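Here come two complexes built around chain A, the first alongside chain B, the second alongside chain C.
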Partner chain A sequence: MNEDFDQGLEVLNGQIDARVSSYFSSCVHCGLCAEACLFYTETGDPKYTPIYKLEPMRRLWFQRHTLRGKVAKRLGLSKEVTRQDFADWEELVYDSCTMCGRCSMVCPVGNDIVYMIRREREGFSKAGYAPEGMKAATHRALTIGSPMGVTLKTLRAVLVHVEKSVGRPVPIDLKGVDYMALFSSMEIVNFPEYIESLSRIFDAAGVSWTISSEAFEATNSGIQIGNREAAAELVGRVVNAAEKLGVKYVISPECGHAYMAIRWEGPNLIGRQYGFEVVHILELLDQLRSSGRLKLKDKTDTPLTLHDPCQIVRRGGVIDQPRNLLNEVASRFVEMKDHGDMNWCCGGGGGVSANDRAEPLRLKVFQRKKRQIEELGVDTMVTMCANCRIILEEGLEHYEMDTEVKMKSLTDMLAEHLEPSPG
Partner chain B sequence: MNQAAETTKPSQEIDLSGLTCPLPILKTKAALARLGSGELLKVIITNPDSVREFGVLCNSPGVKLESFQETGASWIYQIRKL
Partner chain C sequence: MIGDLIDGPLWYFSAAVFLLGVLWRVFEILRAGVARDLAPPRAGGSAGAVRALFSRFLPRRSLVKTGKLQLIAGYMFHLGLFALLFFAAPHVDFLEERVTGFGWTPLPHWAFIVASEVAFAGLLLLLLYRLMHPVTRLLSSADEYIGSVLVFVVMLTGCLALARSFEVLRLVHLFSAELLLVYFPFSNLMHAFTFVISRSYTGANMARKGVNA
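This part shows the complex of A and B:
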């Protein structure tokens, strides 16, 4: 354990690059990041102030990267980072941060606090101070290919039902098609109707696509736990499969962090550009809509709202597309008070949903989302992240709200309003 | 709520025109810290990047946004300390 801690400390130190150093040196201690953080606003506990979650890394930066800190350490004026600090901060680094990025949006000096949390997790994970659930999920992702243990056999079993329902085979390992679709394990296990929806929409819009039997899993546990090698390995599998099939695009599914991993972090992780482009499913569907290939009919008059998944909307920039699409199929779509790039997280992002220990805290902070929904009085909430959907369903069930609120996938909803192709 | 809380006349006005991040937020927080409970602070800013930060500040516990006005290139906030 001592050895692990020493290695973890060195890894943490190695994460302190020019960007992290400039962030720490420019922090003006205004405390505004606290007001933006779900965990602080819902608990009122100052230990959940985002910049405070970075205290071990900040102290290391001070002692090893600044002259004042080096002197202070020699004089015994700055406390060394210890194993106890890692143990004390593990909850703050993993349980109380969904890496939603709201704090980064309001920092008046432009510090990307999430970037630093992500970096800090690298050191904590190396030292062994990470939640057991996340460690196990990462292990399964690397050894089995899915954080939930989903295998190709499982996927094929699901596809049998999908094919029966849509009446045609789902393409697997087709070379030279335009798109390769990825799924999250949650979609395969909990929401296989997403695959069915995709199949129906692509057929109607004339999209050539395939699933790869070698890489169908979109999620990346390495990103969440903070294990760069694991993250690179998981991205590499997708890249190799896509390039082997010669597709032009890889479709990131209704999953928040998967999009961040494959779209934004991936090329840096593997150290090169891809031989294809990455699109989020809703970016593609909105392109198909605007080009007239995706034809939708009828609008539901059910009052509904949209929950913005942080990694897709705030960190990913897919803001207008879901709204364009939802307005095509819903006549009574209302926005939450804080929406778009200032949405409030469901509370389960950044690996928190894979961390059993964090459940009581996660349910406590869910009260923010509960209030947001109650203010609108809608009975349906649409989203485009399977993880958000499960967390929201659990939260709604936990609080036994007066009005039953149904959760829906936006892609599924579009498939329900699909105008059949003439052929 | 005490008598001071009822007043609509700001106890203090700070013109932060021309200042950029992080100064508008820092000066506003410092001014609020000096105010008594129930007193009103009027703040004028011209930095568009600070508007999002003021949105968060005005929603935080201990303060209440009484009024907000956008006038051309400036934003005027009246914030009451609770």
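This part shows the complex of A and C:
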């Protein structure tokens, strides 16, 4: 444990780059980031202030990266970062931060607090101070290939049902096609209808695609827990499979952190650009819509709203596409007061949903989303992240709203409104 | 004798510490470097860096209601201080004589009074907020309080010395300003310079992802 802690401290120190240094140098502790964090707004507990979650990293930066800090440490005026600090902060770093990035949007000096949390987790994880649930998920991802333990056999069993329903085989390991689709375990296990929707839409739009039997899992527990080696290994599997099949594009599924992992962090993790492009499923569907290949027949008049998954929208830049698509199939789509790049998180991102001990807190902070839904009075909420969806469904159930408000996947909704092909 | 020291060597010493200290801090930040982002961007980062540099002067709409006291007090203090620092008549004269070699139109007396009242009210509100709100109380270290008190003392002595009729008051003001200059590079007051770096990094990174930060 000693050795792990020391290594963790060194890893944490290694995470302090010019960006982090500029952020800590600029912070005046105004506390405005607290007002953007649902863990603070819903509990009123100041310890959940985003910048406070970085206190161990800030102290390390002060002592090792500033002249004043070095002198203060030598004179014994600055407290060393200890194991107890890591133990005390573990809850703040993992349980009460979904890495949603809302705080990063409001900081007056422009600090990207999530960038720092992501890096702080690298140190904590190396030191052994990470939630057991996330450790287990990362272990399963590395050994089985999925954080939920989903195997190829499980996927094939799901595909049998999909093929029966769609009436044609789902392509596996086809070489030379344009697209390789990835899924999150959550979709395979809880929402297999997404695979069915994808299959129907691609058939109708004439998209050549495949699934790889070697890499179909899109999520990346290594990024969530903060383990660069694990994260790189998981990204590498997808990259190898896609390059082996020779596809032009890899489709990131309806999963926020998967998109962050494969689209934005992946090349940096493996140290090179890919031989293909990564596209989010909604980016692709919007391209198909605008080029006339995705034909939708009608609109629902059900009052509904859109929940923006943080990593896809605020941290991923897929902002307009879901709105373009939703407006094609819904006549009474209303936005929440805070939406788009200022949406409120579902409360389960950043690995919080894989962290059992965080559940009571997660359900408490769900009150923010509950109020957002109540303000609108809609009876359907659409989203494009399977993890958000399950967290939102649990929250609605917890607050006994599940009979009034239904959750829907945007891709599923589009498939429902698909114009039947003439053939 | 003390007056000569404050007016001469101490001024040059504090100005040198300030200048070298600020440069050192900026070097300290930048020398760590940032790894090149290998993810293909949606857009270039430069425009995003410039946009964030200016857009962050305005708060996000959803924060206006909950953070209004800090926001209003923050604007009052910073705008008032900026006006006093660069447009108070004695400062214009001082900067012309010792730094720039040229002058500019100073604030009229009434505007100085308004600016100083606004700056004082803003600073006191921020300080009170820092002391009373559980979040800022938890976050704040001695650094924030020392910085606030030093700025307050400099502003107060500056107002007392405004009439320029008592040499002692001018020297007290200059001495307190010199203390502030020496303290500045080693404190959170550095945000007056480093906000340019932090906003630019974030703005550029988010712009590459297609997000206006």
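The definition used in the following text is that the second predicted complex is superposed on the first by the 421 of 423 C-alpha atoms of A that agree within 3 Å, B and C clash if a C-alpha of one lies under 4 Å from a C-alpha of the other, contacts with A are read in each partner's own complex, and residues count from 1 in each chain.
Everything that follows uses one rule, which is that a residue touches a chain if its C-beta (ideal position, glycine included) is under 8 Å from a C-beta of that chain, and two chains touch if they have at least 3 such contacts.
Nothing here was measured: the structure is a model prediction, and the numbers come from that model.
Overlaying the two complexes via chain A brings chain B and chain C into a clash. Look at A:A36: by the touch rule set out above, it reaches both chain B and chain C. Of the two partner chains, both chain B and chain C are touched by A:V28. In the superposed model, A:A232 lies in contact with neither chain B nor chain C.
After overlaying the two complexes on the shared chain, residue contacts for A:P46 are found with chain C alone; chain B is out of touch. In the superposition on chain A, the chain among chain B and chain C reaching more residues of chain A is C.
In the superposed pair of complexes, A:Q273 makes contact with chain C only, with no contact to chain B.
Looking at the shared chain after the overlay, A:V106 reaches both chain B and chain C. Once chain A of one complex is fitted onto chain A of the other, the partner contacts of A:C255 are absent, as it touches neither chain B nor chain C. Only one of the stretches 19-27, 73-81, 91-99 or 109-117 belonging to chain C has C-alpha atoms clashing with chain B in the superposition, and it is 73-81.
Chain A residues in contact with chain B (one complex) as well as with chain C (other complex) are 28, 30-32, 35-36, 41, 105-106, 108-110, 342. Chain A contributes residues 16-23, 25-32, 34-36, 40-41, 46-47, 49, 51-52, 65-68, 104-112, 115, 263-268, 271-273, 277, 314-319, 337-338, 341-342 to its touches with chain C in the complex. Residues 24-25, 28-35, 37-40, 42, 52-53, 56, 59-63, 66-67, 70-71, 74, 130, 133-141, 144, 186, 188, 190-191, 194-195, 197-203, 205-206, 209-213 of chain C are the ones touching chain A in the complex. Of all residues in chain A, only 28, 30-32, 35-36, 41, 44, 105-106, 108-110, 342 touch chain B in the complex they form.
Chain B meets chain A in the complex at residues 21-22, 24-26, 29, 50, 52-53, 55-57, 59-61.
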